[in-house]
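Structure provided below as structure tokens; questions to follow.
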Amino acid sequence: MEFITSNLPYLLAGISVGGQYALIAIGYTMVYGILRLINFAHGDIFMVAGFLMVYLSATLPIYVSLPLVILITVLLGFVVERVAYKPLRTAPRMSIMISAIGVSYLLQNCAFYFTSGLAKQYPVIPGISSSVAIAGATTKLVTLVTPVLTIVLVVVLVLLIKYTKIGMAMRAVSRDFETSQLMGIKINSVISTTFIIGSLLAAVASILYFSNYSTVTPTSGAMPGLKAFVAAVFGGIGSIPGAVVGAFIIGICENIIKGLGLTTFSDAFTFALLIIILVAKPTGLFGEKFTDKV
Amino acid sequence: GGSGGDTIKIGVFEPASGDNGAGGKQEVLGIEFANSQVPTIDIGGKTYKVQLEVVDNQSSTDKAPSAAQTLVSKGVKLVLGSYGSAVSIAASDVFGKAGLPVIGISCTNPQVTSGNDFYYRICYLDPFQGTVLANFAADQYKAKTAYILTKLGDDYSVGLGNYFKEAFEKLGGTVVAATFPEGNSDFTAFLTNAANANADVFFAPTSTDAASLIISQAASQGLNIPILAGDTWDNSVILDAAKGSSLDVSVSTFFDEGDKSTAGSTFVQDFKAWLNANAEKKQNNGGNDIVSAVSALGYDAYMTALQAIKNAGSVDSAKILAAMPATTYTGVTGDIKFDDNGDALRTQAYIKSVDTANAAWKFVAIQGIK
Amino acid sequence: MSGNILHVENMTMQFGGVIAVNNLSIDVNEGEIVALIGPNGAGKTTTFNCITGVYEPTNGCVTFCGSTIASNHPQGKMKKLYAGENKGLYKRVVSHTPDQITKLGIARTFQNIRLFKSMSVLENVLIAKHIRARQNIFTATFRLNYREERKARRECLALLDEQALLPMKDDLASSLPYGLQRRLEISRALATNPRLLLLDEPAAGMNPQETQELSEFIVQIKNKYNLTILLIEHHMDLVMQISDRIYVQDFGRLIAQGTPEEVQKNQHVIDAYLGVVEDA
Amino acid sequence: MLKITDLKVNYGGIEAVKGITFEVPEKSIVTLIGANGAGKSTTLRAISGLVKPGQGNIEFLGEEITGKTPEAIVKRGITLVPEGRKIFPDLTVCENLKIGAYLRKDKLDDDINWVYDLFPRLRERSWQMGGTLSGGEQQMLAVGRALMSRPKVMMMDEPSLGLAPIVVRGIFDIIREINKQGITILLIEQNANMALQTADIGYVMETGRITLTGSGKDLLVNDAVKAAYLGA
Amino acid sequence: MSTKKKLIYTIAALAALFIILTLCEQLLPASSMLFIVLKKGAIYALVAVSMNLVNGFTGLFSLGQAGFMLIGAYTYAIFTIPLKEHAAVYQYFDGGIIQFTVPILVALVMAGLAAAIFAFLIGLPVLRLKSDYLAIATLGFAEIIRAFFQWDAFGPVTNASNLLRKFPTFDTVYFPFIVSGICIAVIVLLINSSYGRAFKAIRDDEIAAEAMGINLAKHKQMSFTISSFFAGIGGALLAMYQTTVQAGAFKSSMTYELLLIVVIGGLGSVSGSVLASFLFIAASEWWLRFLDTDTYIGAFKVPLLGSGFRMVVFSVIIMIVVLFYRQGIMGDKEFSFGAFGDIRRFFRKRFGRKEVTK
């Protein structure tokens, strides 16, 4: 019992962080799957969603601002895609990635400019922000909500991509724009859909994440963004279940490492683990080999 | 627009972006406020308009030299700043080569002034602050074990943590130390570690970003260990984060908003009025009118600079530099007088703690070193 | 015809459940032109890939000029899954990488043209000389190898001249029309100074006239460079005209072999591959 | 039903198609033949909207479709079997076929079976990833995929490329068969012999221009065509 | 254009550059921002070109550059801090344990070698990875390296998270120009050599390159190691420019900055990288500074201007450049003297027409 009470907090924290990384990671992996683009701006969209909540809830009741945040975030994801990525469809991959870095800079700098960079308190959201005690460890309810919600969303998404027409179209677009067009697929709407789903997940993740940590700053999207990206690579970029498994592994390992007192290297360890996995399995845990016949 | 042609330029070398952007902006506010109060200076019967040249060093040592050079090329005669010791050190060569006197405001690392005879500073140093806090922990909480959490790669954080550790161990306590990497947002593991180590105080000399995360997670975990921190935590962000919790958070600082001395209370009043009259400035203060210590220090730095220029009786950098050692000034943060190193002689720090019910600071003690 | 140059013995290549090449044995003698034909998906390209080291055969052995370049037996997961024959025969495991095999003297072209798209025609050919030159990164950087470099350039220009590619030597490889791209790919392979040249459908995308020209071209280079050629092709005119011997593969297995005349008359081959005999 | 007037296409500075005019009557088989680099593929790419013509008109059933997006053109019933197969490597054979019918809303099972009957090899490989198929299998899949969309006009860019002789013959049988079902065919072939035997109308392209026009039979016996494209 | 003519032009251009630099040094006040831009620009140019060697010419997506610069910067600093300053610099670590110094140029080479050795070791496992997997692995390594350099246990060598300073630095713009110039020249020679061609072949098609007999592992390793060698030297120069070194500055954002420069300049164009470096540094550290200051025209306060606005504008500019120059400023072309001829012809045409209208 003693052992459990002193170690349960690490595990709980790990699971909830893992869940939040997972939601962000899915956004990464979906966009990557389709555009082969590491969407560096994804973490920042997540951050903007956090600030939106802070500012909207200051004037509006929670039940209005909650859907509004999701809506605006989705819109933001959509607009970013249209403005910054769509014109570059035929450009080299690197250019699109630089555009993504540009968007990330822009969102961060705008956030800095408008908020002056001081940490803002995230509003209390009834139902998930309150503390509960489990086996002697105190934590927020959101810790318990996150993994459940994550799993549900993932199952829905996997079904969507595997078995629906739009899912098939997404997979087709991911490899060849031109031929996809020849099949009558509207690639722009497929790509937009992807971004919309990704941003939606980022918005949900931001609500869970910031409810847990209570503070938003212009850079608070950077680290979760990077971790989620690592998670996506870990599981094999493009694979949704992979991203989720990767995210949970990273979240839990990180907290166990911290619990062991090896705090200096908790990030370094994450990367080391990633590299070990990649050396053993060059395309991540669930990544499929690129089929490229000689 | 001012009349008369003569101006003297004072450089303000502060971060407006990057990790320390928020704090830098608040420091600039104090300077700007001082400038609005005393916009001119009389030297040799001539009235000079004091013009501030503010430059953003982006909290980054690789951007600092060019930012510093910008000031030099604009022809400033004296420089104020910076929030953050590393950028101050990184820029010191540029200022040194240009022969400019610099007044550090809240950079508490000893290395800023040591060996740089043009660098002065008006705040106390980390060794002092660390010792003060260690004493406070021992006096107030009868602490035997302290958990120290510092940020990896942040010289301010690690330095202050070390000084605290030294002093605390000298007082007979034991220390458990940990570091967290940049961008870390989950502190629950550290808090649990502290609880598991039966720590009596939790010392976290970190930036405000990490601070608000630490506090809110401590609150949701129901942590009942008192939390201590250094001057950076004297910020409204901490009040927001701790609001409504049952935490015991105390910080050491240069200044107390509730200061009853006339100088202090006038400053607080006027500064608040100035902020409230100017939406953009208030925005830079985080959207409220709570006076942070760095603003008060910024104000004092500006005033000290003017005093030095007056003493020099000239707008020439070399003359001002020569006048620096003898310059004294009684500011809102106390008496300022430099030692041989160029550091302000300070013997006392304010300790404040958070009144979690009202989200306000409450004065606890003036703490010195034993 | 002189001695054996390539010897493939009991080679099997299995991908998961698909046996692409099944217990294949072929021999190529010095100076021959040998064709490998068969229906689509028979395993011809896969055979090439195994010979050139792109794939490790699941089982079997390949010998080039007397030295083993690939030898394998079912390992790991394949041990259980393996459905081919001659399982226990090859204990030795030899797997050379494609670059090593090229150095030994086997060059190839690809079914889907693989040129260096962003490089000029001349550069494409020069690449092939990289491994043959005596140089290291230091001498190359500081041009201490200028003699080698000049020689390589001279040889490549001569080669391009021969192939009538000289006028477009500075054009991007990707801007050439399809037929010339094929020709460039062959030139590039020739530039590695091979003894054995593997051609994978060199006449694909060419009209009968061009195919005719190509067959003359192949014979010509064979004689000029003392090559041995193994080729895959679906254009029967070309195959029948230039090959000394033909192997026919179906479902990975060898179903027939012999001279063009023999193969053309073989009923299995007609059923599986040729269909009604063309009136030549 | 398809009318091309004065079509010009540029790639950067190079003019690949230099003003061609031709027509594809309803329910006919039309073939374009010509040497490598003549601009045949470019013409088809322009019709299907993959490249924007520099000049000229493309009319389909009396409606101008120049400059429309590929998906809008596909929607109107023009399908292309692209040069180089362009199979989706990460989709299974079955999914590749399904995606060919992306715009259709009805049941597909019969059509899939029909394609499998045409190319039994594909049925065996139904669950294999498109990318791992052999060259010829991919070519069959590309043709099958295009058939799935039940187009009004089917444009085929070298459908027999890399196919075994027996299958080549099969492909031309299929072309005739679907033509009988009322589908108009625009065909590019290197195998000019077979193409001209099958086609109602043939056009010969040389360096971006149409230089000869005639019925398939006529061209087959034309001396210039014989010398240049059919081999001696 | 003949090789001889090219050589003459190149020498002439270098001489002109030297004269311009000298004139600048003589005529402009020492405090001019131009010198900052020239110094830092030259250093960034070197690192960007070295990054281009891997990313642009070899097609390996590596994001480890900041890590290798860090190693170079620290190696240089550790071995050149004068012994008498050790007590002050390593104040928390009893003066450190490295108790000797080496000459500046030796230290520069050591900086390169140290980075190259690390790169070699890192390359062994990770260069087998493809595209984005490689990117994240190299990025990860850079982060791990940074964590190690900040670690307290290494304090006696690295001074942990504290600054290293007091090492010899440079005053004139000549030093970084000459060092970077030589290094870039070597890289250009390499790129145009047989090995450079092999790198490009690998970028275009690995399978075909292998079929040409090119040993992928060996060549990738070479490109990666050499690039890191120069990144290490670049890091050392950066340390000299900054006069201080702190591991915290070598974050992934520095790598992104470099990647930005490389892509904006044009992947696979050396002159593009060089040009973009100077433009990038000038824009980010000089030209846009005015946006950060509240500006009054008379009593009217120019809207939006204020602290932090510069960075917003800067990011917008980056986006615009990327959106309008998809292939980068130079594409994969190089600057050539032939271009001068084009410009001359262009002007002659213009000019000619004008005369006619007169």
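Of note:
First chain written, first letter: the chains are A, B, C, D and E, and each begins at residue 1.
The criterion applied here is as follows: a residue touches a chain if its C-beta (ideal position, glycine included) is under 8 Å from a C-beta of that chain, and two chains touch if they have at least 3 such contacts.
Keep in mind that what you see is a predicted model, and the values were worked out from it rather than measured.
The fewest steps needed to get from subunit A to subunit B, moving only between touching chains, is 1.
Following the contact convention of this document, A is the list of chains adjacent to both subunit B and subunit D. Chain centres were defined as the mean of their Cα atoms; on that basis the chain farthest from subunit D turns out to be B.
Averaging Cα atoms per chain gives one point for each, and the point farthest from that of subunit C is the centre of B.
Chain centres here are Cα means. That of subunit B falls 73 Å from that of subunit C.
We define each chain's centre as the mean of its Cα atoms; on that basis subunit A and subunit C are separated by 47 Å. Subunit A and subunit E have centres, each the mean of its CA atoms, that are 32 Å apart. Once the centre of each chain is set as its mean CA position, subunit D and subunit E turn out to be 50 Å apart. Among all residues of subunit D, those that touch two or more other chains are 132-133.
Each of residues 147, 150-152, 207, 306, 308, 311 in subunit E touches at least two other chains. Looking at subunit A, residues 109, 112, 116-117, 226, 264-265, 267-268, 290, 293-294 sit in touch with two or more other chains.
Residue ranges on subunit B touching subunit E, taken from their complex, read 1, 16-17, 21, 25, 28, 53-56, 60-67, 69-70, 72-73, 75, 86, 89-90, 92-94, 98, 110-111, 114-115, 152-155, 158-159, 162, 179, 181-182, 280, 284.
Against subunit D, in their complex, subunit A makes its touches with residues 165, 168-169, 171-172, 174-176, 178-187, 288, 290-293. Looking at the complex, you find that subunit E touches subunit C at residues 186, 189-190, 193-195, 197-198, 200-201, 203-205, 207-216, 222, 226, 268, 332.
Looking at the complex, you find that subunit A touches subunit E at residues 32, 36, 38, 40, 84, 87-88, 90-92, 94-95, 97-99, 101-103, 105-106, 109-110, 112-113, 116-117, 226, 229-230, 233, 237, 264-265, 267-268, 270-272, 274-275, 278-279, 282-284, 290, 294. Subunit E meets subunit B in the complex at residues 29, 31-33, 35-37, 40, 88, 91-92, 146-147, 150-152, 160-163, 165-166, 169, 238, 241-249, 251, 254, 281, 285-286, 289, 292-293, 296, 298-299, 306-308, 310-311.
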